[in-house]
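So that we are looking at the same thing, I have put the structure below in structure tokens.
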Amino acid sequence: MADLRVNIAGVTLKNPVITASGCFGFGREYEDLYPLSKLGGVSLKGMTYQKRLGNPPPRIAETPSGMLNSVGLQNPGVESFIENDLPYLKTQDTVLIANAAGSTVEDYCRLVERLSETEIDMIELNISCPNVKEGGVAFGVSCEGAAGMVKAVRKYCKKPLMVKLSPNVTDIVSIAKAVESEGADAVSLINTLLGMRIDIHSRRPVLKNNVGGMSGPAVFPIAVRMVWQVANALSIPVVGMGGIDKWEDAVEMMMAGAAAVQVGAAMFWDPWAPVKIVEGLEHYLEEEKIEKVSDIVGTVRPWA
Amino acid sequence: MADLRVNIAGVTLKNPVITASGCFGFGREYEDLYPLSKLGGVSLKGMTYQKRLGNPPPRIAETPSGMLNSVGLQNPGVESFIENDLPYLKTQDTVLIANAAGSTVEDYCRLVERLSETEIDMIELNISCPNVKEGGVAFGVSCEGAAGMVKAVRKYCKKPLMVKLSPNVTDIVSIAKAVESEGADAVSLINTLLGMRIDIHSRRPVLKNNVGGMSGPAVFPIAVRMVWQVANALSIPVVGMGGIDKWEDAVEMMMAGAAAVQVGAAMFWDPWAPVKIVEGLEHYLEEEKIEKVSDIVGTVRPWA
Amino acid sequence: MQYQQGSFPIVGRQEIADGIYDFKIQCPEMAEQAKAGQFVHIRCPGVTLRRPISICQIDRAAGTLRLVFEVKGEGTRNLAQLRVGDEMDVMGPLGNGFDLRKTAGKAVFVGGGIGVPPMVEAAAAYGAKAAAVLGFRDKSRVILEEDMKALGCDVTVCTDDGSYGRKGLVTDAVKELLMEGDVNAIYACGPMVMLEALATLAKEYGVRCQVSLEERMGCGVGACLVCACKTKTKDGEENYSHVCKNGPVFDAQEVVFHG
Amino acid sequence: MQYQQGSFPIVGRQEIADGIYDFKIQCPEMAEQAKAGQFVHIRCPGVTLRRPISICQIDRAAGTLRLVFEVKGEGTRNLAQLRVGDEMDVMGPLGNGFDLRKTAGKAVFVGGGIGVPPMVEAAAAYGAKAAAVLGFRDKSRVILEEDMKALGCDVTVCTDDGSYGRKGLVTDAVKELLMEGDVNAIYACGPMVMLEALATLAKEYGVRCQVSLEERMGCGVGACLVCACKTKTKDGEENYSHVCKNGPVFDAQEVVFHG
């Protein structure tokens, strides 16, 4: 049996497949199908210090091989999470990643401080949510914004800190470098790409928020490119996501440089997608006689 | 019969459908199927002052609902174009748009100067090609680069000048504003998004250039969003493209703010796509009793 | 509540009105679990996201679910192309379903257009104690009238143009029933304006009213939070609930219709 | 050269080896236009880009084209699912085809693996004056041998493992023919290494050699410039030609094999 374990910033995952934030709630919704213990980890729904209502519906639009969402970080706030969801999650035998967001640097800091007191395994700092008016992506699109945030948060963060990057930027590599130099333990990418759909009959945007974040297979080539660029420039681990739909995609993303992958939108059409990807990886490694999944990370050989 | 004419920077197109640069050669390849006179205009293959070989093959990769290309501006140079292609094109009764590129500001200037002496109808300044090492997109990803280029070129340009923008940027609106303020007569967007695919068997990038530009339906929502943002911020016309595949997409893009549209990759699976889009628009306008196609431009009513 | 996901054979298929299809799928365990008002989430050929469709009827003995849907866009168009013997990729049963506790008196089952299908299984529980009020645009759109009658319901059909049944809105017919008295509950599915009007009527007459809502969905199970609808608690606090998990059936008094 | 695009009925379909399919489509005008060495560009269900497939045989009387292809990935897999009676969306005939001017002496038609199909129509022009050398991995991959024989060709089959015909490379067999003399031209399609070896042999023996190349394609008609292959002029100047328009057939001496 091939060794599927990977290590991200000191945390060992039993396999490199993590469900992506916002696509797996707080983990209870898929337990009818399979136990969470099948997953390397779960990145939980984006959380803020205070409860947030999120944006008005419609919050989803279909696109060719993809979708837009404009949920806008609806969540019950960190205290509710700690009280109502964390105890359950702790019994599930998988790595727990809290996805942390806010409107101001102070918001992020007190959230990270609070999360650091809990039993979650890792914090994924979401400075790339395109669906909120304040905060979110505002911090993620400039080196100064991103570096400033990581620097501030780092002081309060007692957990491995992974920073989630936005693809809506000219130069993702400099932003990744900036967060690395301020002490991020890992980066994850990509969050969603900003898009829009219009209903030509009503002449109104499909999303009530007008614009939303695009994800799904459509964005996969962009994600692979960004992961490749960032992994080549950084020394900390990169967790890759964006459009991963099947095990071949996970292999491709890992060859590009991802130490682990996250799976989001694919679950909406195939709720088994993350589990199938774990199984597919296992089978692939055996077929190819590769001992450890980590042996494929970053193995793409670029043309000169 | 509805009026399909549109006016872009003083040039009247018989309909708002233009074939996108790089996807329609210099116009001869589809004449077996339909006359070019069915098209509002043709944006010709990206041209440089000197002949260019382009990048080594493979130059194309398939992606979910899209494709990557890394042609890299292969073209015979402007003199060859003027001698061998322009005479034919001038007889075709459609608006001719020369797509102009180069490695340095001087390159662009002398090309634009030379093109200004010819009978082409409009120049589309390509500062957004992601497939060349020097020039191309380098000028298109910063306000200073874009503004500087347009300022320089403007002096030599005696034709309506349309600037083609890159989507690989944090803030496309500022770049659009910068080129408008330096005297661009129109902008066109989007060029391709930088992406990558890896062949997991050979562990090599599919494209010999490692990365390439993504286009096709996958990118449509991103293009609609950018066209909407840019059209809202500028007073000059916006020509919209990126993933347009059917007439409904053209309507959506025009409602977002595009005065005309370009159709690229769609021709690879349906060579009739631009003609079908013209016919579809015509039919739509009649069904909806809309007198002029220009009446739908920018009519999306955003939610508050 | 358990749901499952799998591919299930289509054992029945009929076009029951122009562009409205009536499918039966063989899925014994899902049929066993399902209750009126729940829905299934279907992967339709050629499109990315699943499409939610209400459960119209449950036949536990035969192990089948009946689904009635209208062709709206590409997803339902492609779904309608499937034939008997093909498989349908379905998740379900999903959502909460109607609370069909029987009380003294009658219940009124109100369906507007393509909101009628979920009313069939719901009304079945009340049989002869059910009154059904079904509204359609015109005669050509009338569906499931006979099915409701077969359950023993007292059926009133309304059409917007009077081309069949009574002319006018379902709410008028419902109001008459309420005025007659002896109505204890209203169950409804259809356009938001209809549901809102029914909610107002129900409040006025002091009867319980449950409405089944629609919203664009992603996961269908409560994980992605896209299918939000605004609801309020008794003390007026507003929140976004989720149609797929907290619904699709809501107490009408909880729904903020202009959320 | 005129090409067209349309949907044409499939009138024949056979699996002639494991994963290798032999289709016939009814397209009289295209068949009328087509010549050996040209290809068609096919829209395969479920994938975005068209797939280029060589014309294997042309039956002008019947108005059909024969296409033989191997299942490689998703596109050809889905294409192989089509049945007799279904339609295939095809553009063609595309590319330049072989220059089959007959000269004194014999011509050798060399096919490697899935490069064999275009050799059938090409060899037809030479009939009994054609020698065919067909190479395959092993016995299970041998295709179109009987078809070539039926044309009157003198056929030699080689397999890599010797499980059928002679063991070894096609180039060895071709060399023998060249040494026998009386060979005036070589026509070839197959892996690049094979084509390169043949080009070297042809040069050595001073015979004309035409090779059919493959490259990933977009438009298929010369408009997008993605299907580049490096070629050189007589005076050694290198350039990128395009397989779909300047090819797929090139004079072997023009091709820069390590371009």
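Here the chain labels run A, B, C and D in written order, and each chain numbers its own residues starting at 1.
Quick note on the criterion: a residue touches a chain if its C-beta (ideal position, glycine included) is under 8 Å from a C-beta of that chain, and two chains touch if they have at least 3 such contacts.
Quantities reported herein were computed from a predicted structural model and do not represent experimental measurements.
The chains in contact with chain B as well as with chain C are A. Counting steps between touching chains, the shortest path from chain A to chain B takes 1.
Farthest chain from chain C, judged by C-alpha centroids: D.
If each chain is reduced to the centroid of its CA atoms, chain A and chain C end up 36 Å from each other. For the pair chain C and chain D, the distance between mean C-alpha positions equals 58 Å.
Rounded to a whole number, the gap between the C-alpha centres of chain A and chain D is 47 angstrom.
Chain B has residues 61, 63-66, 216 in contact with two or more other chains. Annotation for chain D: no residues touch two or more other chains.
Taken as a graph of touching chains, this assembly forms an open line, each chain in contact only with its neighbours along the path.
Interfaces, counted as pairs of touching chains, are A-B, A-C, B-D. Residues of chain A that touch chain B in their complex: 61, 63-66, 68, 141-142, 168-171, 193-198, 200, 203-205, 207-211, 214, 216-222, 224-225, 228, 243, 245, 248, 251-252, 255-256, 299-303. Chain B contributes residues 22-25, 28-30, 32-33, 45, 53-67, 69, 71, 74, 216, 265, 267-272 to its touches with chain D in the complex. Those residues of chain D lying in contact with chain B across their complex are 2-5, 43, 47-50, 91, 215-230, 238-240, 245, 259.
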